[in-house]
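Each of the next two complexes has chain A plus one more chain, namely chain B in the first and chain C in the second.
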Partner chain A sequence: MPAEKKISAGQLMLMLFLARIMHTMIFRASHSASGAAMMLGLLCSTAVEAVLAIPAVWYFSAGGSDPIREISGKYSTAVRLLYSGYFAVIAGGTVALFAEFLSSEFSNVAPPAAAIILLILAAAYCACLGIEGLARAATVVFWMFVLLFGLMAAVNEGGFDWLNLRPFTAEDAGSFSDYFFESLSSGWWLPMFCVLAGHLKKGAVGAAYGYLVLKLLILETLLLLVTIVLWRYVDVIGYPIFALGAYAKTDFIERFDAINMLVWAINCTLVVGIYLFICSGSLKKPKPAAILFAIAAAVFGIFEYKNGLRFDQPWFLGFKLAGVALLGVILPSAAAVKLLIKRSSER
Partner chain B sequence: MKRLAVIFFALAAMLLCGCEAGEVQRRIVVHALGIDPLGDGYEVSYQVFSGGTSSEQGGPVDASESTVITLLAQGRTLYETEESLRLQTGKEVFMGDVELIVLSDGLKDADITEFLRYFRRADVYLGVNVVFCRGSAGELIGQKLNQGSATAILLKGVVETAIDRGRACSSRIIEISNSLVEGSSAAAIPVLSLEKEGGESEDSTVSDVTLGVFGSLLITKDGFAGEIGEDEAMGIRLLRGDVKELSVEVGTEKGIAALELKNMKIKRKISLENGAPLLKLRIDGIYELRSSPEGLKESDAVNAAEKQLLALCAKAFEALQKTRCDFIELGKLLEKYEPEYAEAQNEDFGRAIEELTVSVEASLKKY
Partner chain C sequence: MERSDCLSQRLEANIARIRAEFGGSADLNVVKTEVSGVRCAVLTLEGMVKSGDLAKMLFEPMMSYEKKNASPRDVFKYLAAEGIFSTEAKILNLYSEVCEKLCSGFAAVLIHGCERGVAISAQGYAVRSLEDPDSEPDVKGTREGLSDSLRTSMSLIRRRVKNPKLRFEFLKAGRLSNTDLCLVYIEGRTPKALRDKTKKALGRIKSDIILTSGNIIPYLSDNGGSVFSGVSTTERPDVLCSKINEGRIAVLIDGVPFAAVCPSLFIENFQTVDDSAEKAYFATYQRWIRLFAFFISTLLPGLYVAAAVFHPEVLSRSLLLNLLASEERTPYPLMAEMIIVIVMFEILREAGIRLPRAIGGAVSIVGGLVIGDAAVTSGLISAPLLIIIGITATSAFVIPSLNPQMTLLRILNVLLGGWLGFFGIALLWTVVLVNTCVTDSFAVPYTAPLTPFTLSAVKDALMKTSDKNRPREDTVESLNGSDAPGKEQSDAG
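Here is the complex of A and B:
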């Protein structure tokens, strides 16, 4: 059954952006790199993503609505299960890292397992509300994030030390390639796009490339601020956005920790909700499917947290990259080729 | 179903976060820390709010002089002193409100990075200044002074004014931490001193002890590297190009003139001259003549002020050569503008400091 066309390009762009920024929020910097190397790594990975997105974007702009059905026909349930499994793992990893952030940065919080279960429950509820509800919520959460980010940057107490922004040298090549691959492996917006773009009223090009421009703009700004204001101290704090808030203060907001926590928790719920919504598309009844995959994500999240498995470990990087390549590039490319052949034969 | 879910999440939101008045009562809010060495460990003076009816009931905290007390705790590590305070008071220690950290100068050889790590873990705001003091930090905190009791707010005010007026370098936790990352880079940490005023006061209610920042200690990641006075600290601020305002008093044949320098803009440029680094400094600013002895031409006072700026830079340069510590960000300048030369130094800029020459130009215009 074709997906209902319910959301606008802007809403899809914001949903993709929130998923990416959630990853940046909870991704603990485990190595120091010079700002220029990271900024260049992000720029290059975004350029590569722009190229990788061409097949999927073309498919939807050419009138295609379901690349999975296009390529797999009656076996589409099996392929959809691949997408569901991938996003259940991503959802589990997201809540596990969020629980790690909670327990490492705040004292006296609920046990991580309880936080994971509660988050997943709330996210499953969001997923059951459907794509329209998720898209509307994404607009609200995006403006909350922009407001918080702008405020933290504006009232930051540190001065801008441009000396921290050193030119890129041969020594930075290692940091550049590490960050390039980390950034590229965080490109699971491509498989997300393949599933969610079917719900677009119109504007697949705007949603995909608008997302890339928005991501580049905000993440480059973040990297620049972190480099010229916080410099090496970000290694001590670990979480770049949190670090930005740790050095900001106003007369009426002494600490940004609690506000950060509020926005992160809401964003985490929404983003995991979107992942579970994607998972729910693989079975005939979406609501029981969302609950089933929510349980799987919770179990995986708790397992990952307890065993200290992290998104930045090589196996996970490989898993994420493989998912991006197979579900975000190869499958939509095949669907695009099939659509192209179909159109040619029709003529 | 929808209603049930809304009720569940609303209840979860209410029950799983936030704090009630009782939790405030169970916390001890630290406002300043004074750390002294004690045998193999430390004695820490915690300036805390003793609490008022309002704060006990969860209302706003009253930080006035009358509600501030100092508690002592000892331990082999800072974590142990915190635990000791917890056991003494039966309350959780809250460090998020700390305004200033004072280290006794007896700790100048201690591992500062260990303290910084502790402050980070203890949730101290990373914009808090860390200063040294002459003698006991415990005695300094809460001391009766000319200016009033040495509450955290007063001590912080004294330190921040000295920094704002260019008489000491900023020493926030984040800045010290970043300074101690690399080989020879150093942090110039201000020293708070109590000065006893001469003469007996007839009024016993007025203290004859006054407080101020009168110098700085240079600390590298390997420990204490030297001591500098107020003039050298002002010179460092000029060489680092991070001073906006300065008040200078210049001695002339006709007497002392006072000038207020504002809107100072300092341009730094580094280059290699015959294989050695040359730092060119251009200081521009506007002046306001505050007082001038009779018969002294304004232009002479300005010339004298410009010479004084050069003299301050010369003093800082002398301290730089003597200590071979990079407290002017020379390493960062070289890494950015002369990367090949910087790479050859292998993160130790001692030789670069030895080879460095500085050329300074100053030009002041009327306000």
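Here is the complex of A and C:
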């Protein structure tokens, strides 16, 4: 890979963050957890992720570039197909949830199936343009978020009520464990990192742990805001971050709902584009591969939407966790051990 | 060297061959004369040489040469080495060389009994005088635009960079037109790799005729499917000098008053020469206004249609009521109405450009006042929509260099906004964003220094700093991250 075709650690960090916040955005509050339980759950899951990331981070910082090839050699196509399949399902799940969000909040915009197909088409085009374009665009989309949240915060008419932040009690243990596992299962940044870190110029440690710090700071802040500003109102609106915009108002913009959706849709397209780019690495010709997996993701997304399958259902939680464990922890650990042995024998 | 292409010793044979090469073209002049008893012929192309200069530089010395028993070789020696007062004299050995020099405005002297000739530079074709750079007007910049004549353009640049490190390199392009191209750069500023790549790219030109900068730009930019281009054009010698000072390379084309400059950045479309003449705070303000105008021109009509049709809750109550009242009276759906007005505006703009200047103003009166007023009064178009188009059109005039892209994106925004609301606009933006981010020219990303982020360059891109406090100019290397390790792109994205 020529030097100019590589991405920076900051760009990778932002791509991982956008993928994570996309999941948080389209997460529909299906059960009432206390704010403190959710915040604690996020903190603990982040700590666990920091530990789980050690093998992959070590592998890349030690000079490794392709953990899949490292462990599977000539069978690497089969292992890459595992990654592709996993991210095709994740892409399908993401578009299905986004279509659900669109149909519940903006039902007049487009039929869900059409929205899924159009979104996947746009994402597939972005994936075909390669990682550099996606990485650079991620920076712009991140700053769009910052601008949107900053603007909504500046014009927010809602007041803080700290009484909403109930202390963590034994009753919250169930909510805590639910949210902890949900949050941990959303840790597919680990398999993403294993594939994308090969495109890094340098700074694998900075990208991984920078992402974890950024995620922790921003998501904890959002959770705190959701709790102290909205609390039970979240149950009514459904989408916690979307609900935050309900109190924002200016003389020019009466409600921020549609503007939120605009930014979310941009992010969703970009993030699905990144997933499809990862999928495209499993075959020799990346563009046809991206299109093939885009079709698979669209079919899966429509199927999931039609059948009401959701990311937070037990089977899906299990699938996501298994993927994180196998593709984000076990395989890179094996690659790291192999690299370590190779280095020792060279000495 | 092919034998058949070599000049003959027989003057008549040479003249016949050259006449045949030009197919008996009426503008080929052949003047036969004798110099010290040796028969000679002076060949020129009508209108390409200055007769007065030719008489003084060539005919007077030729007629004054007297030598007893002069041989053809003596005459050739005299013409080639001693007797001619021209800044540029070339020895001719081949018919193809004779034809090429004649086409470039040289006079060719052929001597009977000698298989070589002499070409004398006496170009004197009519050239348009220096004019204001109409396509890039400025308040405090130079009033001289680049010229159709390559040599004049070169002198305009040399006058502004009086340094031997300023380099001009000639190349030829166009299989039929054999047009002169000239690479312009500053030694030590422009990376050698960029120069070599540019020369290689220009060497691949397959066009028969080079008539505009558009004929060479596709070869300088690899991004075939890009909305934006990593190569820009300029008509201003001061802008060109500023660019080559930043390590860029420019290509001048003979007969075209525009230079192609590469690599070019998105953010440079919002910078003007006037920025350097203004106070830093005001120049910064103007840059942001231009950036704002770009987004208004591109997005406002699409956002308006999407908000009015799909997301009325975004608009304030009073604005929404006004809008509904206006739209109730019009017969067409809002999206169709907007498309009709945009197309009308494009037709008026095109008519304004193509019409002679003397009556061009009439178009704006007919279009703006008559059609616009009549359309609103008759209820065909709503007044708010016309206001939106007015703001959009005015904003588009702020950045003429991006007009093609703004026009395309404006129409697509309206179509997708009218079809799918903000969701459609989001899809379009993402695709255009990634497409733009992947555009580059000679490894310099078009979106630099915003993304990938380069702190030193982004400061000057968005905020004009006083020349006194300004660090060194940003170079191609600092923008593509290939310079010293300490200057690599920031990890912040």
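FYI, the second predicted complex is superposed on the first by the 341 of 347 C-alpha atoms of A that agree within 3 Å, B and C clash if a C-alpha of one lies under 4 Å from a C-alpha of the other, contacts with A are read in each partner's own complex, and residues count from 1 in each chain.
Rule of thumb we're sticking to: a contact is a pair of C-beta atoms (placed from the backbone, for glycine too) under 8 Å apart; a residue touches a chain by one contact, two chains touch by 3 or more.
These numbers were taken from a predicted model, which means no experiment stands behind them.
Trainee: With both complexes overlaid on chain A, does A:G10 touch chain B (first), chain C (second), both or neither?
Mentor: Only chain C is touched by A:G10; chain B is not.
Trainee: Once the structures are superposed on A, label A:L270 by its partner contacts, choosing first (chain B), second (chain C), both or neither.
Mentor: Only chain C; A:L270 stays clear of chain B.
Trainee: Touching A:G203 in the superposition: chain B (first), chain C (second), both, neither?
Mentor: A:G203 sits against chain C, while chain B stays out of touch.
Trainee: Between chain B (first) and chain C (second), which, if any, makes contact with A:Y247: first, second, both or neither?
Mentor: Only chain B is touched by A:Y247; chain C is not.
Trainee: Touch test for A:T139: chain B only (first), chain C only (second), both, or neither?
Mentor: In the superposed model, A:T139 contacts chain C only, not chain B.
Trainee: Under the stated touch criterion, which partner chain does A:L163 make contact with: chain B (first), chain C (second), both, or neither?
Mentor: first
Trainee: May I ask you to name which of chain B and chain C touches more residues of chain A?
Mentor: C
Trainee: For A:L118, select first, second, both or neither according to whether it touches chain B, chain C, the two together, or no partner.
Mentor: A:L118 contacts both chain B and chain C.
Trainee: With the two structures laid over each other on chain A, which partner does A:R255 touch: chain B (first), chain C (second), both, or neither?
Mentor: both
Trainee: For A:L230, decide between first (touching chain B), second (touching chain C), both and neither.
Mentor: In the superposition, A:L230 touches chain B alone.
Trainee: In the superposed arrangement, what residues of chain A touch both chain B and chain C?
Mentor: 110, 118, 122, 125, 254-255
Trainee: Sort out for me which residues of chain A touch chain C in the complex.
Mentor: Its residues touching chain C are 3-4, 8-11, 14, 102, 106, 108-110, 115, 118-119, 122, 125-126, 129-130, 132-142, 203, 206, 251-259, 261-266, 269-270, 273.
Trainee: Could you please specify the touching residues of chain A with respect to chain B in the complex?
Mentor: The touching residues are 107, 110, 118, 122, 125, 157-159, 163-167, 169, 171, 230-233, 236-237, 246-247, 249, 254-255.
Trainee: What residues on chain C touch chain A, complex-wise?
Mentor: 307, 310-311, 313-317, 320, 420-427, 429-431, 433-435, 437-438, 443, 445, 447, 450-453, 480-482, 489-493
Trainee: Looking at the complex, which residues from chain B come into contact with chain A?
Mentor: Listed in rising order, the residues are 5, 9, 12, 16, 96-97, 120, 123, 125-127, 174, 177-178, 181, 242, 329, 332-333, 335-336, 339, 343.
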